[in-house]
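Both complexes shown next keep chain A, but they swap its partner, so chain B is in the first and chain C is in the second.
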Partner chain A sequence: MTQIGEVALWLALLVAGWGAALGFYGGRRGRGDLVLSAERSVYAVFGLLLTASAAIITAFLRSEFRYKYVAGYSNRELGLFYKITGLWAGQTGSLVFWALLLALFGSIVMFQNRRRNREFMPYVAGTVLTVLAFFMVVVVFASNPFQLMDFVPPDGRGLNPQLQNYWMTIHPPTLYLGFTCFTIPFAFAVSALLSGRLDTRWITTTRRWTLLAWFFLTCGIIFGMMWAYVELGWGGYWFWDPVENASLLPWLTGTAFLHSVMIQEKRGMLKMWNVLLVIGTFLLSIFATFLTRSGLIESVHSFAENTTIAYIFLGFLGTLILISAALVWWRRHAFAAENRLESFLSRETAFLVNNLVFVAAMFAVLWGTTFPLVSEGVFGQKIQVGPPFYNRVNIPLGLILLFLLGVGPVIAWRKATPRNLKRNFAGPLAAFLLVGVALRIAGITNVYALLTFALAAFSMTTIVVEFWKGTRARAKIEGEGVAPAFIHLVERNRRRYGGYVVHAGFIICFCGFAGKAFNTERQAALHPGESIVIPSAFGHSYQLTYQAMSWYPAPNMTKLVATVEVKRDGRMLGLLTPEKRAYKQREEVTSEVGIRRAWNEDLYLILAGVDRADEFMRGTNPQPVVTFKVLVNPLVPWIWLGGFIMAMGTLVALWPAAEAVRATARATAREPVPAQLPGLAGA
Partner chain B sequence: MRIRAILATAAAAALWAAAPVCAQGSGDRAHDVARAAEEQLRSPVTPSHTLDMCPSPEAQALRDSVLTMAAGGMTSGQIVEAVIARRGEQLRIVPEQRGVGLWAWILPPAVLVIGAGVVAYRLNALRRQRAGMAPEAERGISEVERAQVEAALRQFERGEVGG
Partner chain C sequence: MKKQSKFVAGGVLLAGVVGYLMVTGMKDSMTYFLTPVELHQRVSANPAFAEQSGVRVGGRVVPGSVHFDQKTLDLRFTLVDIETGKTSFPVHYNGPLPDTFQEGRDVVVEGNYRPGGTFQASNVLTKCGSRYEAAESDFKGKQS
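Up next is the complex of A and B:
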């Protein structure tokens, strides 16, 4: 099976190269037979990569430690689930997995468009296969998962303990789904540039792909935050690590793109900007993969391995930038706007400012992430950039976005009149002032938190009023009850109202972030029976009493577990059991935190240290002194809730209306094959 | 009715947002200052970790000394500089606002300002062009278009009457 896998990788490289060449050549020459071959190459590459991936998983399941990759990321005692997810546990497998997902999406696109968008498809196939060929070159020549060890070890090194967490099993695939999914809009943008069809068609065709990519990327980022929160054990969820930043970069430009396409669709403007944004988003996805896997920048994500592939990635990125720039320059005259901006006070301007802020935030994160390399390369002095830098630069930008979130959806297209402004913003402004004043009187002093809550009230009010107005109007016109009117309102315009739901989730997330301003923290070394008391920002306090310490061997690890009784204002809440885990194959000790969740805050308990732990395990120190670190993290649950709402909103926007599905099916059946591609006529 | 609903929404939003601050300031100052300092320092043993998140015993010892300094009345900035003076520049993770570090701080706002300038310039240019280019709503429709619309309307009305 594993030999078949290696052969499949080589064949995938050859077929991808062949198909890429045929796609571009066939598209230029109008040769349908060549284009058809290119399209079938995408299916073939998917099949080959599926075979290679199955071979890698089989090698993990059989514990075939003659392969370096399997020996490096598995051991005999590793659970079945983590053996399967070994496919994306390390660099080599991840690259195969990336390519597999792209081939899957490429195949879906080929199938969906087998009878429509024919002028785009040769170049879409060519672009997708070019990217696949690049990944195959990296995998086959620089990072082969089937590379053999010089000798066969009796056991493997085991999986990185930090990756042995359920969030880590779904976080990387979800992120990769997002990264790879952005290749499809990119491929259509390249097609539009090559074919000269720069109207809105490529955008409407890829709208769902962009939303899907954004959905996966958002979920991936949220899952990563959840993993960091429960696994890294320091009480935070985001610390601006280079790899975290890498996932945020395409999200920022992708979000800007989702907004700016609306201007092109409604007003025929920003054509070049949209092409640049989608190209930039794809390049940042490649950059993110490069950053995660190159190891060029120090990161807590210790699964980065070597810098060899870094230069291959940089070469590919450089080539893509040059080709994309050349294509945009070549078609520069085709980007003329169909309409002109009529007023500063318009939705177009609000969206433009929104785009400016998103791109500025992207630049700030990119600059901070690469600054250690830049400062060392240019000035010979490596300067590290940590979380305080990103917070100082990005929080003001985030507040501007929070404000625009309330403005963009309700300000009029073209030109907002004073009457329009008054009608739409009186309520939200009242909410802003009311919340701001109320919180100031309540004693809040943190300016950023104050502004966040006030702006959240402003923007949330616009969303609530939009839903309310729409529902009321529909109920009046159609004679429906409020609930049916609300459901039909959303059904009739899923994209718009799904977008509002996403905005609501975003606002709730921001409130969750602002909760950090009210964190409380205590640390103490306790004997059994001793307590630590920590206040909450909500006025109550927790009392934690250290009861006992225990240890026991578990599969693949040894656990040290503290039992801590938790009371809130004297009322018993239950027990928390934070752990220290020592993994067998890797000499690493990790912390598993104890978390008590409420709707508005988390009580977060870290087992920071066990005094004379070895003596305790030998039985000579039965009641060890234990150091605990306790945090009360207000509003953290809101971040997860906000993320969930954002995901649900995206699904609402993504879900096709029944009539639209029927119309698409009819159009697909009716649309003739273009004459310039005669070879497709019989397909 | 409408105003009342909006005000009710706003009041609900106010209550919703005001909830977390009832007991603001109940934290321990020394812990808050120490935490702020720890977030601005690198772990002495794990380069990818900040001091506040590193689980190693060495980091724990350094955190204890940071807490002692905070309890002694030092600010987070003073603690950061004191630790760096003692343990070396490699613990610094916030670029200084001078020398090479200044570049880190200058460029992001510069890009935002330049971007805002470009957007403002472009908007102005578009507005100036507007004088010679009527918006489509004001442009009206041609005679041919008018005839087509009227024909379509007549057909529609006939259909309505007939149906």
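Up next is the complex of A and C:
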């Protein structure tokens, strides 16, 4: 029965290829009937991919181990939840899943624009279907989830233990939602190039899609950090690992794009730059998908896996780059700017520098990530660069961004006058100095950390002042109370104030990153009853007492659990129970850390080793010596808080304003209405 | 016109600073990615290579060679070239045993090759599971 999925994949390939050709041809020739067929192809591919995905999940649920994919990522004892998420547990399934999401978004876009933007839609359908066809080629010819083995193993290998974690099941789909979502603005950019309509229309139409993509990508990256933090068990959340970098790359250009489109909308500048940014973001999304799933970069020779896929992907990327470059070149005269930069001290400059910094950071990360490949190609020798490289380049860039984040939103357009500067920046500058000096006196000597906190104070002040000014002005004009004025203010300028909320979250995240400068760490081998004492940067002292060791079988695994009593400054906080888990199917051991979270710092406890564990489990060594590693990570909770605030802010900006919805309903057949309504801009 | 060129100069300056940071950052953190055979060749060709920091060696953990002291967290094992199965050297590492570390597994060790012949690892990386693909042979053993 589940073989129907393979048929669906083949059909999806054919339909996508057919529709892509019709979309471009029909669009060029103005053949409405062909275009309609192309648009329907998008729906059809979605239906077919839904069928294929359902077949994969069914195969997981029914433990059909004759499929290599199912046998590789599942076993009989695996929980229902992880069987369903098996769809994206491995390379082959996740490529199908990627395509499914893209087909879903494509279908939504086709439906939304069934009467609007008709000059764009043939090419949008064509572009989306081309990408889908490419994924189908990979899936069908190089990485087929329905590949059968010539025998049926009695049980599967089971899911990798490190993936049996809540964050890990939600992290990949969230990232994929972000990657695929960026295809939509890209498709519109391509259609703008093909149709020659290079005004802001393609940008305003896809604004929500860009924000949605950014929302998913941001959440996906943060989920990945959370997963690394709780599951990898070394106390960090970011390794500058190629796979992590891959997800950061489109985020960097996507963020730059979100900012630079504002310049085009307000001032008619940077038109070509915006097209290039969105093309770049899409290409990096594809690159990220392929990098995370091919294992090309981290492979020592023997680790190399499915390299066929790598070559197909690189070929596809190369083709896309050539075609995009050719299109941009073809339309190069249509990008003339309507205005010029007038002054260094202007919002345009702040945005421009912001863009340059984001793109510079992207190139630095891309360079570092691909360097092993480059060096192997050029010198025949794989050379990697480590975290010091990334930190060295990106910390200063991050600080520039933190500064610009305070400047950009309040500095005047075109040319800032001294009066404008003084009025807007006197307060924030005072906050900068105050926090900087206070923390220096408090004993912080790390320059980067000091700068981070001081710049955070600077930028946060500008945001608070912006909210305050807007609320006060509205309260005065409309005669409202402060609270309703505040709510209406945000409601009527969602994009602007949502953006400020995102900025606030970003600032809080950065403070969290700076907390790393103050980590403390201890390691000791303890007999039952013995303690470790560890100080924290906030002046607390934690005492951890190892009480006992226990072990018990659980579904699919055996757990070894240490019970540790935690006191802070002599007061009892409770118990931590770090574990070692031995999984049956894979003969693997994983560590589950114990984390005691507070608003300002995490106590992070790793069960590093159990002396003579086998004798302990047989009962001949009832009180084993256990080695613990304990860390205090200051401000890590702020990263999660900041991430949450960023996500919320994006939702505020994304949510359709009530008026806009009505207006759009009225105007479905005519022009789309910009989401942003004229507000009380910084009155 | 003059203003535009000022902006260009600003952009070039930024690119220059970033470029400088990248180049110096590269020097600080470049690590060679080698197999045991390649490492051996490098060291015999140039003994000073051993003192260079930053080598990553991918190899296989020799079964039966692993000694892990649970109290001191001292890990000692022998790493062998995966393809040839010949060139090997002892590795020392101090720290918690990496989760998926096992005899017979392929691992990457990061650190320095000491003149005495021991590899002092600052980091032992096991192959990340999310990208692990089961080969058909992995199931053969379970066939009943």
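Convention: the second predicted complex is superposed on the first by the 660 of 683 C-alpha atoms of A that agree within 3 Å, B and C clash if a C-alpha of one lies under 4 Å from a C-alpha of the other, contacts with A are read in each partner's own complex, and residues count from 1 in each chain.
As a convention for this text, a contact is a pair of C-beta atoms (placed from the backbone, for glycine too) under 8 Å apart; a residue touches a chain by one contact, two chains touch by 3 or more.
Keep in mind the model is a prediction, meaning the values are calculated, not measured.
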Superposition on chain A - do chain B and chain C clash or fit: clash
Partner chain in contact with A:G233 - chain B first, chain C second, else both or neither: both
Touched partner set for A:P153, first chain B, second chain C, both or neither: second
Chain B versus chain C as contact partner of A:A613, first or second or both or neither: second
Partner chain in contact with A:R492 - chain B first, chain C second, else both or neither: neither
Contacts of A:K476 with chain B and chain C, given as first, second, both or neither: neither
First, second, both or neither for A:Q162, with chain B first and chain C second: second
Chain B versus chain C as contact partner of A:R597, first or second or both or neither: neither
First, second, both or neither for A:K68, with chain B first and chain C second: second
Partner chain in contact with A:R332 - chain B first, chain C second, else both or neither: neither
Shared chain A contacts, counted only where both chain B and chain C touch the same residue: 233, 241, 298, 300, 302, 340-344, 349, 352-353, 356-357, 360, 363-364, 367, 371, 381, 383-389, 393, 397, 523, 589-591, 608-609, 627
Residues on chain A engaged by chain B in the complex (per definition of touch): 232-236, 239, 241, 298-300, 302, 339-344, 349, 352-353, 356-357, 359-360, 363-364, 367-368, 371, 375, 379, 381, 383-389, 393, 397, 414, 426-427, 430-431, 434-435, 438-439, 442-445, 449, 453-454, 456-457, 460-461, 464-465, 468, 511, 515, 518-523, 535-539, 589-591, 600, 608-609, 627, 634-635
Chain C-touching residues of chain A, taken from the complex the two chains share: 65, 68, 71-73, 90-91, 149, 151, 153-155, 157, 160-163, 168, 233, 241, 243, 292-293, 295, 298, 300-303, 305-306, 340-344, 349, 352-353, 356-357, 360, 363-364, 367, 371-372, 381-393, 396-397, 523, 525, 587-591, 606, 608-613, 625-627, 629
For the chain B and chain A complex, residues of the former touching the latter: 5-7, 9-11, 13-14, 16-28, 31-32, 35, 39-40, 42, 47-50, 52-55, 57, 60, 63, 67, 92-95, 100-101, 103-105, 107-109, 111-112, 115-116, 119, 123, 126-127, 129-130, 133, 135-137
Residues of chain C that touch chain A when the two form their complex: 3-4, 6-7, 10-11, 14-15, 17-18, 21-22, 24-26, 28-35, 54, 56, 58, 68, 70-73, 82-83, 95-97, 99-100, 102, 106, 108, 127-134, 136, 138-139, 142-144
